[in-house]
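Chain naming follows the written order as A, B and C, and within any one chain the residues start at number 1.
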Amino acid sequence: MRGEVVVEARNLSMHFGGVKAVDRVNFNLWENELRCLIGPNGAGKSTFFKCLTGQLTPTAGDVVIRDFTATGRQPHEVARLGVGIKTQVPNLFDGLTVEENVLLSARKWHAATRARALTAATLERLRIGDIRHHLAGRLAHGQRQWVELGMVVAAEPWLVLLDEPAAGMTHEETERTAELIREINQTATMIVVEHDMQFIRMISSKVTVFHEGRILIEDNMDVVSADPRVREVYLGHRRQ
Amino acid sequence: MILGILFTVIAPQVLQLFAIINLTTIIALAILALSLALVWGYGGILCFGQTAFFGLGAYAYTIAAINFGGSTWAILVAVLVAAAFAALLGYFMFYGRVSDVYMAVITLTVTLILYSLLRRTSGPEYKIGKALLGGFNGVTSPPLNVPWNPSAILFPEHVFYAGMAALILSYVFCSWLVQTHFGRVSVAIRENELRAELIGYDIRFYKLALFTVGGAVAGVGGVIFCNGVGRVSPDVFSLHDAALTIIWVIVGGRGTLIGPVLGAFGLFYLTSFLGTQGVVNNNLVLGIILILFVLLVPRGIVPTLVRWWDRARARRMSQRRELRLRRRRGAGGVASEAAPGGGP
Amino acid sequence: MDLVVALTLQVVYGIAHLVLISLGLAIIFGMMRVINLAHGEFLMLGGYTVVVSTNHGVNLWVAMLILAPLVVGVIGIIVERALIQFLYGRMVDTLLATWGLSLLFIGLVTSIFGAQTGTTISPPLGAIRIGDYSMSTYELLLIVIAAVLSLAVFLVLRLTRLGLMARATMQSAEMAATLGVSTKRIYMITFGLGAAVSGLAGGLLAPLTGVLPTIGATYIAKAFITVISGGAAILAGTVSASVLLGGINGVMSYLTGPTIGEVALLVAAIVLLRLMPRGITGRYFRKSL
């Protein structure tokens, strides 16, 4: 069950002026895990996420991805390690078609022919083949999330970081997304930042709870949801 | 492109000498427009000072030609100088992650600084090698000659051919470039920088490379310009010329290569016409055009025309489809069931 | 000793000059993130107001201190209502449209007044002596005016209700709107004020430089560099950038001549922006006005 540690955060802190968005976080992720980061708004999940991807340079501490010190690196350097990243608000090439979007991702890692084949396969796998010629900017929110997921998958990453993949989706779309994520987990290690408790139950076992910039508790979903501290932190949130 | 070749062949037969020389100047400006179409239209790099590379190419050619005594190597020097300057400026801006708007102001400032610097070079102490910089009067440019034969100077007609060749070649090159993987990535960067980065592309490098190529193309334009006008002066760096370059791209169409080229031709004739009639001031008209286009036709003429065309065609096609459906329904009940999307 | 004093005053004047030409632009940029490329023309219009009105007998000081800002302020409000308000949020389009506006003004003024001006006015107040050196008293006055103007802007922003509403809108327009602030009116007033300050500056500089329809272009580069280098904070940014760039320009000009001085200013600005892409107040003095 436990392989090596592939992502490690050591004493990671991110301060914005006086606000400690992330406060001395120590975090380990093992190979092939699917870990969910949860916590109320402002708990520091997305900030932590951005420190991992290189979008933010931490105020203190280190991020290590498989022996590579990723702290403060440029996002493209992190991506080139084989890390697939999906952002909180879907970032797509709005003026290009769905197919072109996915192709650009595939093409970064493979030559033209293989990239085209991979793109076609990915479009089928995510069942977005029928909108392949639509402009990304014109799509509905759920479809945009899938296109972005497609771009991530087409690069065949070994580490996948997803920020709120199910946000704004209908129930059917959420189920489909959960299915996809479980599928991806068969070949990749994953971190998923999410709010939706039901969605998290659909995909994972181990969960890390953030609160006020620190890790509150890290355990299986059942243990975590029964924990009184977590209940307190989520006061006002619907009891699961 | 076929039109371009036709035009090249026919024009000297039809037009007078003066018009041909004029045309050469316009061609140079069209190449400048092309460079900005590439850098801004395709790359999304908002450069308000493309004239800087154009002017540097012109000055570099002139100074080099005077010093070398012939034009062959001067052309190369000109393009290299323009490209090198673009690379340097680009490095500062892109690796410093300067954003859109700041970039526009910085590039505009650069061309204006070049303008004011070169205007002050009137005295005899300002020279590079044998070439006096000449201050606000500028320097007379040695004309193009047959490669490696400095005494065989080209006639204006041949200069025109050379200019058109340069324009066509540049256009072909740029068209090819935007189809390559490099070109597509540059477009993607224009669409969403963060996403391109997260896929793993080093956007700073891509932007720098595109910007340098754009600078080189502008430099080529500068070389042709010297030969069209006969001299180069600091006015080539002026605010007016920098504004014109932007206007060509906006009016002609951001996102196409041919649009700004046509825009350059069109606006040149428009402003010449206005200049001769003398009723309304040049700047006034240009300003109004710019404002109107930004407010009403932000994509420019060519893309808007293309969109109308597409929409008209789509309408025609759906009308034809309607017609076919109706015919089929009239022909038999069974067929109507099979008609896609059919129904009352 | 006299040399030091005279030199210092020259450098300080250079800084004050930058503050004067940049403050109006900074007000508009700091508030609305609008980069107004017609800024040079606001300065030019201020200058023309002064020249034309003094040619018709108006007192010089009235023309410079009252008429110029008034006229250009009104023009600013008209521009905001007629053009700028449709383009909020579209930074590139605003840039382009204001450039068009700049051309329009140049064309308009050229059509009405011709490409050269009739009479120019000479700077009032004569000169004072500092040992072996003399300096124009008028320039010294401008230093004082620049300081007073900066102070005035600071006081308005800090102490008046308008200033409070303006600062709130700057920080978060939506929030301010929910509190009942009419952001539209704030933008309009701010743009008008920025234009008025530019008009004032242009009017004050008219005796020193003369007026031409195209004179805006000589100011625009420096004003922009100063504002962009300064960053988002209106006063702190403009003043700090002016001090830094004006200081470098002044010192280099003394040491090597005005041409190199200009180059030094440009190089300094580029290096500055490379190190601090959001300007000085993007990193230091972030919470200041």
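Methods note: a contact is a pair of C-beta atoms (placed from the backbone, for glycine too) under 8 Å apart; a residue touches a chain by one contact, two chains touch by 3 or more.
A quick note: this is a predicted structure, and the numbers were derived from the prediction, not measured.
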item: Chain whose average C-alpha position is farthest from subunit A's own; value: C
item: Most centrally placed chain, judged by C-alpha centres; value: B
item: Distance between the centres, which are taken as Cα means, of subunit C and subunit B, whole angstrom; value: 33
item: Between subunit C and subunit A, distance of the C-alpha-averaged centres to the nearest whole Å; value: 47
item: Between subunit A and subunit B, centroid-to-centroid distance (C-alpha), Å; value: 42
item: Residues of subunit C that touch subunit B when the two form their complex; value: 35, 83, 86-87, 91-93, 95-97, 99-108, 110-111, 217-218, 220-221, 224-225, 228, 259, 262-263, 266, 269-270, 273-275, 277
item: Contacting residues of subunit B [partner subunit A, same complex]; value: 181, 184-185, 187-188, 190-192, 194-203
item: In the complex with subunit C, residue positions of subunit B that touch it; value: 46, 48, 92, 95-102, 104-106, 108-110, 112-113, 116-117, 120, 238-239, 243, 246, 250, 280-291, 294-295, 298
item: Residues of subunit A that touch subunit B when the two form their complex; value: 53, 55, 74-76, 79-80, 85, 87, 91-96, 100, 104-105, 107-109, 112, 151, 155
